[in-house]
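Each of the next two complexes has subunit A plus one other chain: subunit B in the first, subunit C in the second.
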Partner chain A sequence: MSTEFDGESLSSRFGRQAVTLVLIATVLFLASPVILTFVSSFATDWTGVLPKGFVTVQNWQAVIFGNDIGANVALGSSLFYSVGLALGGVVINLIVGVPIAYAVARYDFWGRDWINIFAILPLAPGIILGIAFLRTYPDLSTSGIALVIGYSLLKAPYMVMAVQSSFESMDLQQLEESSRSLGASWFRTFLTIIVPNARTGIIAGSIISWTLAAAEFNFSYIVYSRGTPPLSLFLFKNITNSSFLNAAAAVSVFFLLIAGVTIALQIIGHQRSGSTV
Partner chain B sequence: MSVDSESVVGKTRQRAAAVVAPVFSPRSERERELRRIVALCVPFLVLVLFSGFFPLVEMARISVSEAQFTTRGFTLKAYRTLATDPYYLSVAFNSLWFAAATTLASIAVAVPVAHALEKYDLPGKRAFVTVMSFPNSLPGIVAAFMIIVLFGNTGLLTNLFAVLSGQSATTLAIATTVAGLFFAYLYSMIPRAMLLLRGTYAEVNNDAEEAARSLGATPFQTFRYVTLPQIKPGLIGAFILVFRTGLAIFGTILILKSLLVWTLQINRELATDFNLARASAMATVWFLFVFVFTMLALKYTSAEVSIG
Partner chain C sequence: MSEITLHNVTKQFDTTTAVDDVSLTIDDGEIMGIVGPSGCGKTTTLRLVAGFETATDGKIEYDNEDVTHVPPENRNVGLVFQSYALFNNMSVLENVTFGPRMHGVDKDERQRRATRLLDLLDISELADRDPQTLSGGQQQRVGLARALAIEPRLLLLDEPMTGLDAELKQTLRKELGELLADLDVTTLYVTHDQEQAMSMCDRIAVMNDGIIEQVGTPSEIYESPANEFVATFIGTSNLLSASVGDGVVDFGFAEIATDSLPDYDHVELAVRPDDFSIGDGPISATVTNRFYLGGEIQIVAEAADGTELTVEVDRSHHSVSKGDEIALDVDTSNLHVVTQ
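Showing the complex of A and B:
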């Protein structure tokens, strides 16, 4: 109705549509292969545009119990091994991440900004740290301890960020001073007042750093030498050596893991928004 | 001097105590606070020391070692090769241009996405956010697999184009070409860029934009002169972090293998003849380059890093 009107520019006519289109294209680009992988893991054949021959569980069986072709390792041992390794990493992350997040959020001190940058920026990525670990801790790498230590350094930033966001929504100074004035020592205040109040951030940080440690491939690939392969190496073997549909089933196992974690995080987020009213 | 029961007595701590006496026997509230800050930072610093600093120093020592299986002597042979061999220079060049190009592309996509999510009233916004954050938890090898699902020989888009154009699927498959790799990088980098930019967008002042619109600015002018200056620090911060991500990608390229970048070459040094010295030199160069780049970029630009 206002085409004759000077102010009606190209951007006001098509801007919003174009931006929305980019959003939709991005969502499709990111989501469609995930959905297709999951769906095709139940198919017997994928030669045309879409997979066909539903529904079969033979791909899942091959992944979970192992078969003699391709990657003949069963999922169970790798999954449990990685669950344990990643848990070890989370325990270390809790011990180092919660205090440093508190120090940065609560106190003002010399070098605080740099400490903060070091705490939230990964020092070195998986592949570089893997090379560095090769001969520094050769005895540890066979036992999995090297993996745990490496995971904890690589994933510490996610713990620190999650806990920090919890601390930032609390009046730390007031909490600390009230508790101290009622007679609690500083250490007791930290353990029994500060930490429990930041539990949503701590739980969220634990879940995130656990998932990312279980998914860490680059570091595991370089450092792993023998024994049970971690989950990400199990995935790698399936992607490179198995049939396409078997690989799809292996990747789908991983998707289920991440989806479960995402749902858990949403529930925690929901509780948080409910409790702060 | 007395060390109270709270602190664990260790050799290093005793040595440190001589230097920072107030930390161990504080006499004022200010000194007690300092002790608390140190106690809170120590666990993290210990982790960084043992799992970051020591291994990286050892890596640098291996890179200048004269012997292959033990660390001794001093030679710059590996570095000389890296600096003069045209092969390694081209690998470095590949890494840099590819990471820069994918960073620009992923930010170019993430800006409109973050814009739409923040400004527009869209149905199912939360679901969109969840779906687009999902790839942040996926390792690079899975991102590579996702590209094979879309663009591989049996890929969805490959076969769709094959049906539409009548050509064979194998000639249309781009998963293992540089173009396919480009999409694989974007698969990991767009969600990361979006996470960073959503944090930035959350702080944009909406009133100024509304004022600009009501004064007659077009949506594009409003974005260009009102929104963009506000998100600029966040954009620079996102560029730095996403560029670092791009340089660190390894699993994706290990599967798709279509461009010889620095991280893939590091692995080849180990896989072909276990040249740990050269692999360590390459990793040291990578580390120093990214470290210096990050420090300079954070110091000399208005970069702001906010995670939303």
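Showing the complex of A and C:
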């Protein structure tokens, strides 16, 4: 009889299904390259639409042990080198980023807004920062130190933003004051109460900044000069000098590593980080 | 337990004086309430006592020991906040034993204290639970157990029941009142809820604009408010201008005989709504509004000269309705002079 609610009933009947369909289509479109790359790493040929010639581990062997690929180093050493460099960046971000995020979330002080802006805005692109590093510290480029510092600077905003959002969801002042009234010093309160309560943000920030640092290409390309190449450069050389299937295996190893680290950190994050009774 | 004394304490933030020359003594084992509107300085006073703020001027003593500049972690003060501020990275038991651990209490004693307090607060079964999974009432009990576990010299409660539903608030008010009386711990209870303060505290300090307007027992504060602010903030009061002479109070709209008031040319008198009686009396008024409050009925009436009177009567007067002409009387021994 009435047409007033017809539009609403149409929307309520099909709205959710339509959104779900669009979501599934988008996720499939975005995930397909990753899935196909992983699957093709076990194939002998991918010249057509889909990879074929399953199942072989030759590509993985070639990548992991370094035989018969374009780069003259094995993935293992490059991978672990990058993991270590990115981890170094994360450690620096934890030491510097967590207190900055805490200070910005907890206190009102002169220059707070500027610190906040510098801490959360990725101001310099990797390529620019890399050139600046080479000009300023030419000797550092031969070691991994420049890469570690560069990664920490480039990825700091992700750490600060994630941790700051965790801090802002708590009543920091009351937590801190409760702990101090119970006899804990400020430093002990920070380490045993504040930081563990922000562990979700700290873990999220660590995962994001580590993952992005481990795969950082622009800065690595400019700063790296000799020795074991970072993973991103290793992959680049593989892709340009070797078969796509070898590169697919190399990328797959990286995917698995990221998935493993993410799952491990999530498990740690969900455990109660309490102290003794 | 301790006696806590504030000597002329002032706290200034830039150009704002949050606490202005406040002097107050909380006796050993006493439950002292601080009530006042938002921004009156009650929480700043609590923070000064706890050590989270340092007085701009004046001195704070615990048992005659000057603690004005002693950091909070060395004051041995138990603190319960409105948000409870439980440590979500620890279990309930770990929360309760945290304070004793920070004070270097050995493990057996920590366990003994925690077990006793959890039993006392009837939350033993929650010992291994994550604080985030508890209800508001349970969290409040854990917060209290945690604060009491350090065997504090002073317990500070900062609006600990705000945010709880009315029924739970009433239950906890009763339990907390009994517990504090049993433990005999010196307590400073800061709240904007005068009803809670009246029912739980031995004495109450009413604060406004950084100063203490009146300190007294709940009945003293209610029955004999020191000034207009206390009269209107604690409960409801009718503030009526009058003159008194020859044993008669002249309100302008009515004259009532009195033998309890001296002569005044002009005086402000506070009359509690429940001090009026309805049915017969010299005050004629027209009912302009009527509110059914469950236990009683609140009537707003307008006297002959337009003065608005708030009256509370029992449910037997439920038939009174808007527009009715009523006659009121008031026992002049219940009139309180607030401004001369």
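Convention: the second predicted complex is superposed on the first by the 232 of 277 C-alpha atoms of A that agree within 3 Å, B and C clash if a C-alpha of one lies under 4 Å from a C-alpha of the other, contacts with A are read in each partner's own complex, and residues count from 1 in each chain.
Following the convention adopted for this analysis, a contact is a pair of C-beta atoms (placed from the backbone, for glycine too) under 8 Å apart; a residue touches a chain by one contact, two chains touch by 3 or more.
Everything quoted here is computed from the prediction, not taken from an experiment.
Asks: When the two structures are overlaid on chain A, which partner does A:Ile128 contact: first (subunit B), second (subunit C), both, or neither?
Replies: Once the two structures are laid over each other on A, A:Ile128 reaches subunit B alone.
Asks: Report the partner of subunit A that touches more of its residues: subunit B or subunit C.
Replies: When the residues of subunit A touched by each partner are counted, B comes out ahead.
Asks: What is the contact status of A:Phe236 with respect to subunit B (first) and subunit C (second): first, second, both, or neither?
Replies: Only subunit B is touched by A:Phe236; subunit C is not.
Asks: I'd like to know which partner A:Ile117 touches here: subunit B for first, subunit C for second, both or neither.
Replies: In the superposition, A:Ile117 contacts subunit B only.
Asks: Report for A:Ile193: first if it touches subunit B alone, second if subunit C alone, otherwise both or neither.
Replies: Touch partner of A:Ile193: subunit C, not subunit B.
Asks: Which parts of subunit A are touched by subunit B and by subunit C alike?
Replies: Shared contact residues on subunit A: none.
Asks: Would you tell me which residues of subunit A are touching subunit B in their complex?
Replies: 7, 9-12, 15-16, 18-20, 22-23, 26-27, 29-34, 36-37, 40, 46-50, 92, 95-97, 99-100, 102-103, 107, 109, 115, 117-121, 123-129, 131-137, 149-150, 152-153, 156, 161, 186-187, 211-212, 215-218, 221-222, 232, 235-236, 239-240, 244, 247-248, 251, 254, 258, 261-262, 266
Asks: Which of the residues in subunit C come into contact with subunit A in the complex?
Replies: Within the complex, subunit C touches subunit A at residues 50, 52, 71-79, 81, 83, 85, 87-91, 93-94, 97-99, 101-103, 107, 110-111, 114, 130, 146-147, 150, 156.
Asks: Per the contact definition, I'd like the list of subunit B residues that touch subunit A in the complex.
Replies: Spelled out, the residues of subunit B in touch with subunit A are 6, 32-34, 36-37, 39-41, 43-44, 46-48, 50-52, 54-56, 58-59, 62, 71, 109, 112-113, 115-117, 120, 122, 128, 130-135, 137-142, 144-150, 154, 156, 159-160, 163, 183, 186-187, 190-191, 216, 218-221, 223, 241, 244, 248, 250-251, 254-255, 263, 266-267, 270, 276, 279-280, 283, 286-287, 294, 298, 305, 307.
Asks: Using the touch definition up top, name the residues of subunit A that touch subunit C in the complex.
Replies: The touching residues are 171, 174-175, 177-185, 188, 193, 196-197, 199, 272-277.
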